[in-house]
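Each of the next two complexes has chain A plus one other chain: chain B in the first, chain C in the second.
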Partner chain A sequence: MKKNRFAQAVVAFLPSFFAILAGFLLGFVILLAVNPNQAIQGIGIILKGGLNKGMSGMGQVLYFATPIIMTGLAVGFAFKTGLFNIGASGQFTMGAFAAIYVGVVMKSLPPAIHWLVAILASMIAGAIWGFLPGLLKATRNVNEVITSIMMNYIGMSAVNMMVRATIYNKLKNESLPVASAANIPKWGLQEIFPYPSMNGGILIAVLCVMIVYIVLEKTTFGYELKACGYNRDAGLYAGIQAKRNMIYSMMISGALAGIGGGLLYLSGSGKYMKVIDVIATEGFDGISVALLGLSHPIGVLFAGVFIAYIKVGGFNLQLLNYDQEVINIITAAIIYFSAFALLFKTKIQSIITRNAIQKNEASDQKLEEATMESEERPMKEGDSQ
Partner chain B sequence: MDCIIEMMNITKTFPGIIANDNITLQLRKGEIHALLGENGAGKSTLMSVLFGLYQPDHGKILISGKEVKIRNPNDANRYGIGMVHQHFKLIHNFTVLENIVLGVESTRRGFLEMKDARDKVMELSGRYHLKIDPDALISDITVGMQQRVEILKMLYRQNEILIFDEPTAVLTPQEIHELMKIMRELVEEGKSILFITHKLNEIKEVANRCTILRKGKKVATVSVQDTSKEEMSRLMVGRTVNFNIEKPEMTLGQEVLRVENLVVKSIHPGKNDVDDVTFSVREGEIVCIAGIDGNGQSPLIYALTGLLPVDSGRIVIMEQEATKMPTKKRYQLGMAHIPEDRHKHGLVLDYRLDENLILQNYDHEPFSAKGFLQFESIHQYADKLIHQYDIRSALGGETPARSMSGGNQQKAILAREIDRNPELLIAVQPTRGLDVGAIEYIHQQLVAQRNEGKAVLLVSLELDEVMDISDRIIVIYEGRLVANLNPAELSIEELGLYMSGSKVGVGYEKK
Partner chain C sequence: MRGLELLYFLVQQMMYFSMPLLIVALGGLFSERSGVVNIALEGIMVIGALTSVLFIFLMQQFSIMSGNGLLLIAFLIAAVAGTLYSLLHAYAAINMKANQVISGTALNLASTPFAVFVGRLATGTVIGRTVQQIPFKNQFRITKVPVLGDIPFVGSLFFQNTYITTYLCILILFISWIILYKTKFGLRLRACGEHPQAADSVGINVYQMRYAGVMISGALAGIGGLVFVIPTSTNFNASVAGYGFLALAVLIFGQWKPWRVFAAAIFFGFMKTISASSSSIAILAQLPISSEIYKMIPYIATLIILVFSSKNSQAPRAAGQPYDQGAR
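Up next is the complex of A and B:
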């Protein structure tokens, strides 16, 4: 039984693995095309990723991973419940703003809970930004993809406006620094990972992963959400309030993305909110993280770390004679290919079934006996009635 | 005698099943050859092999004595093989004529040339007495006419070998009679017919010979004239089937379901899918809603179960006003629902069997405590139902519902619904697509519910089923009830007249 579970886990992981492999191959081709002399060295640097600089590098990976694990979790959670939340960027941005606002303005809060209140604020802001598309979908059947994309733009512009109106640093065209108590505690992590921006955010992200996993797999609420996600008609048939659940689902998804925003801007890394017209890329990274992790919370955790690892590798590629743009293209290509995980999944399944057929042919005889047996059983039942 | 098709020693396996095991089938020129077998006996697979949809693992196909390879339906068509599928392959917003010529249109400089096609179609229609209106849209014509369009499609392509896959399932008795006549005429004109069915009466009526399959193997090829129905039935099932269901007299109890002047509007303005329907179901009776497919049965059931809002009228379940009650509340009142479409409504295919068995009860004790699923009790409950209702699957409760066979999926739904001990069991086509053994079992279960004093509302398209197990038949035609009948005083032909709207019961005349 245990062996079986392990085999299942391996089979579940295989598609992502092949997707990653294909991505690296493409990345290598690009490196070859741009600068053949350093291509092998270059792909080596990418492969080594965060390990180039030892534990400090891994710290950097975890720092990069934290927000995209959260947005990945947001997208994956919504997907498991049958919704495409493309609005993680907007929810992320709203969450970030709420967290910074609390961090800058509410300095009278006791230092011990200042950061916690700020994170809660980011959660609520994200939830609100998820609630609106959810409400429209549930009551008016408006496609959540379109509304959540539009909410990305609204969120971006609204946050720019609000930053300028409330917590604006005119000189630098960005948000004011938050109180130091609003930064997430480091919980000694910087001792293990000596990276300057290392903080406890990754632990909060892991906690969220665990909570999402438990909600989806162990609770009746998760059972309802997934039932509607897999088969909405069956959900309705079962008497589940699919519409209400849709709204909840989008709110939870938004809350997760919002926390991601809070975790990034309260990391104490000197990161401020710039007033620029660019949609937060973390939201879109979240989509690829969710795809690569096949929407499973644990899968999302590893996918987030992996993508951060590649990004750090790309960062280090600057040592060689590659332009920043090329680096971006390569990391994007690898991440892009990760979306093929689903394609590989179906391929692998078809190979497995084909093997099963061959096995079956070998055990024709057994099967026949089994069918003979099954032929006789209902007969007894009929007689006894 | 000349054989036009010979399928020699065909073997085809799928994961877990040998669908066809060394089957030999010989179709003589100019005969109607019936292919008889239960669901899952391998009829469809064999025909799909002949039609080029599957490649056999072993065996060969000979057409007029020459070995051929049929790689796809186009190949089959080239060899003159045509098929009327059980579910018609017609484009609903195309006209009859357009559907017939689809794929073999004649064109001139890239423009359609319909004149010749029309003449040819009308000539064929006249010759074989296949009445059609070439300019009507498919969506506007009856199922019987749609079937004639399918037949004309084959004739237009000059197919010599015609395969009919369960062609009578959707027809009224009168339409069935007409189809039989057409089939005989086709054979007289020199065509050869393969007729797939599990209805013995029809085989007796038209077929010359009959090949019987059971569990993927050929049991026998018999001459229909010399073989009794009982004998064929025994060959098909492998044992004597008891079609007689014990039904003791019941005294009717309280009214469990009452429907008053129910109206559900159609998406087409000005039409009602359910039109002023009034009836009731009492404890201890099986009431059957009979009717041809698509006459408002589905919207009526959706309205009763809370899946579709009611426009006017009332629904009363267990003496409680339920017109606007959410589905979950209706379940709590004692309603159970075996849905028409087990994949759409009945199961979450991506859930495991045990998770599907608690689809309505997931939030009750003992399956849930403080918002958490109690997997221990869920597994135990699943094991109990699997054992009690003989649900077969590869991994027991952990089997993904998707990988189970149709019959066992249906058994799982039946088990779930009956085990909730309902006061009112609504069963919509509960035996659709199941084999004789499973049908027998499900009928027994439904009657057992009735005998326990429960109310059963059955929706069925199978006339035999309607006649055999119901205590009372209400007939629905174009969304209206047209009769309330006692099966004991009714012939199948008469029921057919009500179903096709040719006859209306006393008190049901249209105002």
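Up next is the complex of A and C:
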């Protein structure tokens, strides 16, 4: 039984593996086209990713992975429940603003819990931003893809406006620095990963991964959400309140993305919120992470680390005068090829089931022979009597 | 500006914003009517704008060509580039039966980094300054169309400070309507989006029709990218500012019908005009409202409109479902 589950996991991962391979191949072709002399060295740097700089590099990977694991978890969670939350960017931005606001303004909070309150604020802000697309989808059947994209733009402008009105550093056109107690504790991680921005955010992200896993796999609530995702009518028939669940699902998804925003801007890395008309890229990275991780929480964790890993490789790629955008092209190509997963999966599954059928046929034959023998025997016995 | 002058200005501006929405939403219409959801419109716009602006940039840099002749060739290049890029989506959605939203998202994700990449490469090698913005000189504005521009009122509204692309887009609207509703091809295309099995049973090649739908959408979205960039900017900055997604909203608001899509595009274009020119309209500039509020207006309007137009959605029934000949 256990072996079977392992085999299933491998089968589930195989398409992603091929997709990754194809993506790197395309990346290599681009490197070759730009500068053939250094292409092999270049692809080597991408593959070496975070390991180029040892443990410090891995710290950088975890630092980059933290927010995109959260947005990936957000998108993946919504996927599992049958919704496409392309609005993780807006929810992420809202969460980031709420966290920074608490971090800058509420200095009277006890230092021990200041950061925790800020993270909670980011969670709530993200949930609010996810609520509206969920509500409109549930009550008015409005396509959540379109609404959450609109919410991205509204969120971007709203946050710019709020930053300017409340926590604005006019000289630098960005948010004010947060109180030091609002930064997430490092919990000694910087000892293991000597990267200056290393902080405890990754542990919180892993905690969220575990919570989402437990909710989806081990609770009735998670089961209901997934049931509606697979087949809404069947869910309704089973007495599940599909509409209510849709709203909850978008709120949870938004909350996860919001926490991602909080984790990034409370990392103590000297990152401030810029007042510019650009949508947060972390949300779109989240889509890649979720698709690559097959929307499974554990898969998302690995996919987030993987994408951060090749991103760090991309930074190092600039040493060879290659453009780091190559990495984003590779990532998009991986997603494109993993969209073929359905075909791969059915192909692989059909091979497996064919084998199983053959096995079954074989065992059926044995069974038949055995029963025939046993049926023959009594007759013989009867004959002899 | 006040009175008539303001009206002329607003209508002229509105055309700059409405035309890309119209043409891209029409593209989406062809694709969805054939049964393929094309969320990649945004990415295709980026690719269309990239290739055509790059072409204009090169032609102007080396003074090979200029003026509206150049714009027309760029228009064709944008269409071809969009078609080619959309083939990736068609292949994934039709042959590989992939999830259409995922494959579309992948094309969107790939387009911007690719545009940044090519932009830096081109500016770096041609003008020796590596930036992602591809600059161009806007020599394409028609101050006044001969004869028509002199008509009182109407002339000032529609035939002054305009672009040749505006009229091409209107022409494409007419042609689209004729193709969809007055030709055999249009009927077959629509059948494939409503009930592909039925279409197949009377001998229509569903795969071919869907390829046609997606490729037309690619051509139109590619053109939309160019039409968006030319009047509103003097460089292409690897982005079309979410217009591909807005066009999807226009398509839904327009209920997948060409003339309604046209009306919806005009409406959104007007909203966008208000938000973009709030600082130059005296009445709006005096109000104590921050510029961010105006920036939000088109998107909030989209949300409100969608709330009222989605309940009775008339989306093509088979849109988004891969066609499987074996299915019943």
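We adopt the following convention: the second predicted complex is superposed on the first by the 322 of 385 C-alpha atoms of A that agree within 3 Å, B and C clash if a C-alpha of one lies under 4 Å from a C-alpha of the other, contacts with A are read in each partner's own complex, and residues count from 1 in each chain.
The criterion applied here is as follows: a contact is a pair of C-beta atoms (placed from the backbone, for glycine too) under 8 Å apart; a residue touches a chain by one contact, two chains touch by 3 or more.
The shown structure was predicted, so the numbers you read here are calculated from the model rather than taken from an experiment.
J.: Thinking of the overlay built on chain A, is A:Leu136 touched by chain B (first), by chain C (second), by both, or by neither?
T.: Second partner only.
J.: Given the touch rule stated above, what does A:Ala332 touch, chain B (first), chain C (second), both, or neither?
T.: After superposition on chain A, A:Ala332 lies in contact with chain C alone.
J.: Once chain A of both complexes is superposed, is A:Asp323 in touch with chain B (first), chain C (second), both, or neither?
T.: Once the two structures are laid over each other on A, A:Asp323 reaches chain C alone.
J.: Can A:Met161 be said to touch chain B (first), chain C (second), both, or neither?
T.: second
J.: A:Leu32 contacts which: chain B (first), chain C (second), both, neither?
T.: In the superposed model, A:Leu32 contacts neither chain B nor chain C.
J.: If we overlay the two complexes on their shared chain A, which of chain B and chain C does A:Ala238 touch? Say first, second, both or neither.
T.: The answer is first: A:Ala238 touches chain B but not chain C.
J.: Taking the superposition on A as described, I'd like to know which of chain B and chain C A:Phe221 touches: first, second, both or neither.
T.: First partner only.
J.: Which partner does A:Val117 contact after superposing on A: first (chain B), second (chain C), both, neither?
T.: neither
J.: Comparing chain B against chain C, which has contacts with more of the residues in chain A?
T.: Answer, by number of touched residues of chain A: C.
J.: In the superposed arrangement, which partner chain does A:Thr147 touch: chain B (first), chain C (second), both, or neither?
T.: A:Thr147: touches chain C, not chain B.
J.: Under the stated contact criterion, what part of chain A meets chain B in this complex?
T.: Touching chain B: residues 218-221, 223-224, 226-227, 230-231, 233-241, 353, 356-357, 360-361, 364, 367-368, 371, 374-375, 377-379, 381-382, 385 of chain A.
J.: Provide the residue numbers of chain C that touch chain A in the complex, in ascending order.
T.: Residue list for chain C touching chain A: 39, 88, 92, 96-99, 101-103, 105-107, 109-110, 112-114, 116-117, 120-121, 242, 245, 248-249, 252, 290, 292-293, 295-296, 299-300, 302-303, 306-307, 310-311, 313.
J.: Which residues of chain A touch chain C in their complex?
T.: 30, 34, 84, 86, 132, 136, 140-143, 145-147, 149-154, 157-158, 160-161, 164, 277, 279, 284, 287-288, 291, 323, 325-329, 331-333, 335-336, 338-343
J.: Mind pulling up the chain B residues that touch chain A in the complex?
T.: Touch list, chain B to chain A: 13-18, 215, 238-239, 242, 246, 305-307, 326-331, 337, 339, 344-351, 355, 359-360, 362-363, 368, 371-373, 390, 392, 437, 440-441, 444.
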